[in-house]
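Naming follows writing order (A, B and C), and every chain is counted from residue 1.
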Amino acid sequence: MILKMKKEDLSAFLETVKEWGELWGPTRKGERVAFERVEALSQMDLKAARTIIPPKKLLYPPRFTMFDFDDEGYVERTGDVPNRILFGIHPCDIHGIQIMDTMFLEEYKDPYYAERREKTLLLGHSCIPDEKCMCFATDTEFIAEGFDLFFTDLKMFYLVWVGSSRGHDLVRMKPELFSRDIGKDDILNYTEYRKWKTSQFSANADFTGMPDIFELGYDSSILDELAEKCLSCGQCTMVCPTCNCFNVVDEVELGSVEGTRDRFWDSCMFREYSLVAGGHNFRDKRVDRLKLWYTHKLQAYIGEFGEPACVGCGRCVATCPVDINVVTVANALREQEVGK
Amino acid sequence: MRKLCVVLEDREVQDNPYKPEMWRIVRRYPLTNDVNFFQARSVDVDQALRMNYLPGQFVMASVLGEGEAPFSISSTPSRPGLLEFCIQRVGTLTETLFSLKENQTVGLRGPYGNGFPIDKMEGKDILIVAGGLGAAPLRSLLLYVLDNRDRFGDIAYLHGARTPGEMLFREEFLQLKERDDLNCLLTVDKDDTGQWPERVGMVTDLFKELGGIDAKNTYAAVCGPPVMYKFVMQRLVKLDIPKHQILMTLERRMKCGVGKCGHCAIEYLYTCIDGPVFTYWDVLHMKELIGKGVSSDVIA
Amino acid sequence: MSSPKIGVYGFTGCAGDQLMILNCENQLVDLFGATEIRSFSMAKSDNHEGELDVAFVEGSISTEEQLEHLKDIRKRAKMLIAIGTCACWGGPQAMKLEEGGFEKRYKGVYGNAKITVSKAFEAQPVDAFVRVELKIPGCPIDKSEFLGAVSKLVAKRHPYLYRFPVCAECKWKENPCILWEGKFCAGPLTKAGCGAVCPSHNMPCVGCWGPTDDLNVGAEYNLLKEKGYGPDEIVQKMKKFGGAGVAKLVKEIKPTAKEKEANK
């Protein structure tokens, strides 16, 4: 279902849906763009290309408690998550959440992710690509499903895709703001918009044939050269919308047998990641860690699900201080040469 | 997408797959210098009887306040009610585990992993090759095939340890030598006791005692240190056992056991759900392992 | 649960880590209740020097007298924990490690003055002299990291401290990368545990938690040079808190492929 809304009505709409839960959206403070809790549309920056951390932080926080325990055993800690409406999420990030859903909700459903996912409504918004966006190369520049509502900005109007019955419930909270009156001009406008968006990309990204190129280039010295530059800081994994790895530790209360089992984001770039008891490390070398990450994103996942585990959001490009990212790695492997 | 040769069993889905249940340690004694035998029974008796698993599967074991790690099951599902483990003291978790006494509790969840493909192995000859701590998961398989003796063909069990004192379940295996429906061959690298009644030499030396084998009709299961894999695989391939009938179990760091935490990934496979039992054919595709326990010369 | 006997000692340093223990406010009563504090000169006068379950040692070791005292503590303690970056890595006073010239520097400062205290030597971390079971770095240590570790010890469990770089915590706080912006940040070389407090206030990490166990010093050096920093400045800043953890690595920095090309 596609509806139409006047742009000036968005503010009133968001004001209304806040009754359902906390409103979250992209905010800007200097260089820092982040999804934060807001009170009104005016606090959001809908023109920003990307937040530093993808919306996964709301579905799967950097650190949280899984269980409380005492000497009787473990008690699950769930039920303390508020309803949230996440507005202004871009197609790439919705694709990212779909990949996370596959990971966390299908086999052995993760109750912590499931609860947050259930209580978070995704209200997508069309975006303005910048030079780091490469969703065109991962086929994630548009989105047809996975959101509750999706707002495409056509200058005068929004076209609003209703993607779920819960999204429709939000529309029904203020139905007078929406119209079904879509005419020829709207269709032409939308076609123009798609053309415009497709013409905006300038990143030199091409992932075609990556599984085979990776297979062929797995032992090439190109990857060693990149590993020599890698700081193993793990930023690439923290900002990646499809990185889900975590570590688990127990904490105890001082002087007591009670405590918590906590879970926090881990990174395959860290030496500790593949370390087993007794001191053996399956990926002690930096290059082996890089290979794991990049084969996972650009080879293994394609083999498993037919699409890369990269959604082209450009966050690794915007974060890695030494310029190791999906674009530079894919190009280096393809051309067998590390760029500048 | 490459298909695994191993058939994945249907798994029971729990509400919270990360939630450990409490089990009581009912028996614990040393097997070797640094390896202890643990026997555990669920605090909830119904749960103890419900616990069904396959040889080759593992559990995640928690010590309150210390953390959680994977351990392969050494007991056999054909003897239900109790779970058995042989655990080496190697890190912080096992150190704390070794400080626990009988009647104290640990958290367990599982079973996880694919386990050995028992359905496919039925009716076939079974060749088990264990080195060192590799006997931990393979004892489960050995006891299982012996408990269901009429469902398998010839069974051979080859086990190598550094010294007699380091051979896990030494007395149990020595007794198994008396069975005439099992070819049990035990060897040590070095006999430092002077009283070892069995072979001295490498586990690969035992192959010449196997006699003729019906290679196409044989499933081999191997677990041991990386260096052993290399030589044992060469022998098995030379014997002409098909690569998809050679099974090996891999060890990796794991934080969840259910395919979420990422640590045990090897390319597109998770050791915890796609393994820990892999066929040699699967492993030959793991480029990451070539040169690290898997020899590339076998490929050629 | 029997409460462990504890001693807290300070050597060359600012005593900020001991102060931080006393600054644990709400948990201080719990700490004194859960443990038996046998010796803690900064906190009390009635101290008993005997067998200890855990000795916490702050500060680097820089005189013969300190060394003797440290050895005595080690002998009496089942477990010795270095607290603070000076004890763990040497601290700023160890920034010249591996460079030699201590005698000259000493003379430069003290001249021919008659020194009445014990003979001094180049400041070094505690584990340069005795076995250390655990390092809890920080300048000063972080309350929750310290209390978390102590709680585990009291419960007869093993403390877990983050081993990865502070960049992870920095990203959890969703800060833009300061290095990416071209400013000097020691984040990738620095152990997490502080909660990325400086970058969260838009200040670069100076490395006060000391190094992680997985440093790519060469990569950081080359990156900063590309960003326009001079070699001496880079090395000096790396060694400021890195001490024994980076001293040897800094010496081994290799020129980049580009530089090799240029030198030909």
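We adopt the following convention: a contact is a pair of C-beta atoms (placed from the backbone, for glycine too) under 8 Å apart; a residue touches a chain by one contact, two chains touch by 3 or more.
All values reported here derive from a predicted model rather than from experimental measurement.
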item	value
From subunit C, the most remote chain by mean C-alpha position	B
Higher-contact pair (C-beta pairs counted), B-C versus A-B	A-B
Innermost chain, where centres are averages of C-alpha coordinates	A
Centre-of-Cα separation between subunit C and subunit A, whole angstrom	36
Centre distance in Å when subunit B and subunit C are each reduced to the mean of their C-alpha atoms	43
Distance from subunit B to subunit A - Cα centre to Cα centre, in angstrom	38
Contacts with 2+ other chains: residues of subunit B	65-67, 92
In subunit C, residues with contacts to at least two other chains	152, 155, 157, 160
Numbers and ranges of subunit A residues touching at least 2 other chains	249-250, 252, 257, 259
Subunit A-facing residues of subunit C, complex	1, 3, 27, 30-31, 33-34, 147-148, 150-152, 154-155, 157, 160, 163-165, 167-168, 170-172, 174-177, 179-181, 187-188, 213-214, 216, 218-220, 222-223, 257
Interfacial residue positions of subunit B with respect to subunit A in the complex	1-2, 11, 13, 15-22, 62, 64-69, 88, 90-94, 105, 107, 251-253, 255-256, 258-263, 265, 267-268, 273, 287-288, 292
In the complex, subunit C residues that touch subunit B	152, 155-158, 160
Residue numbers on subunit B that touch subunit C, as the complex places them	63, 65-67, 92, 95-96, 99
Of subunit A, residues touching subunit C in the complex	31-32, 34, 51-53, 57, 62-63, 225, 228-235, 238-239, 249-257, 259, 264-265, 267, 270-272, 286, 318-322
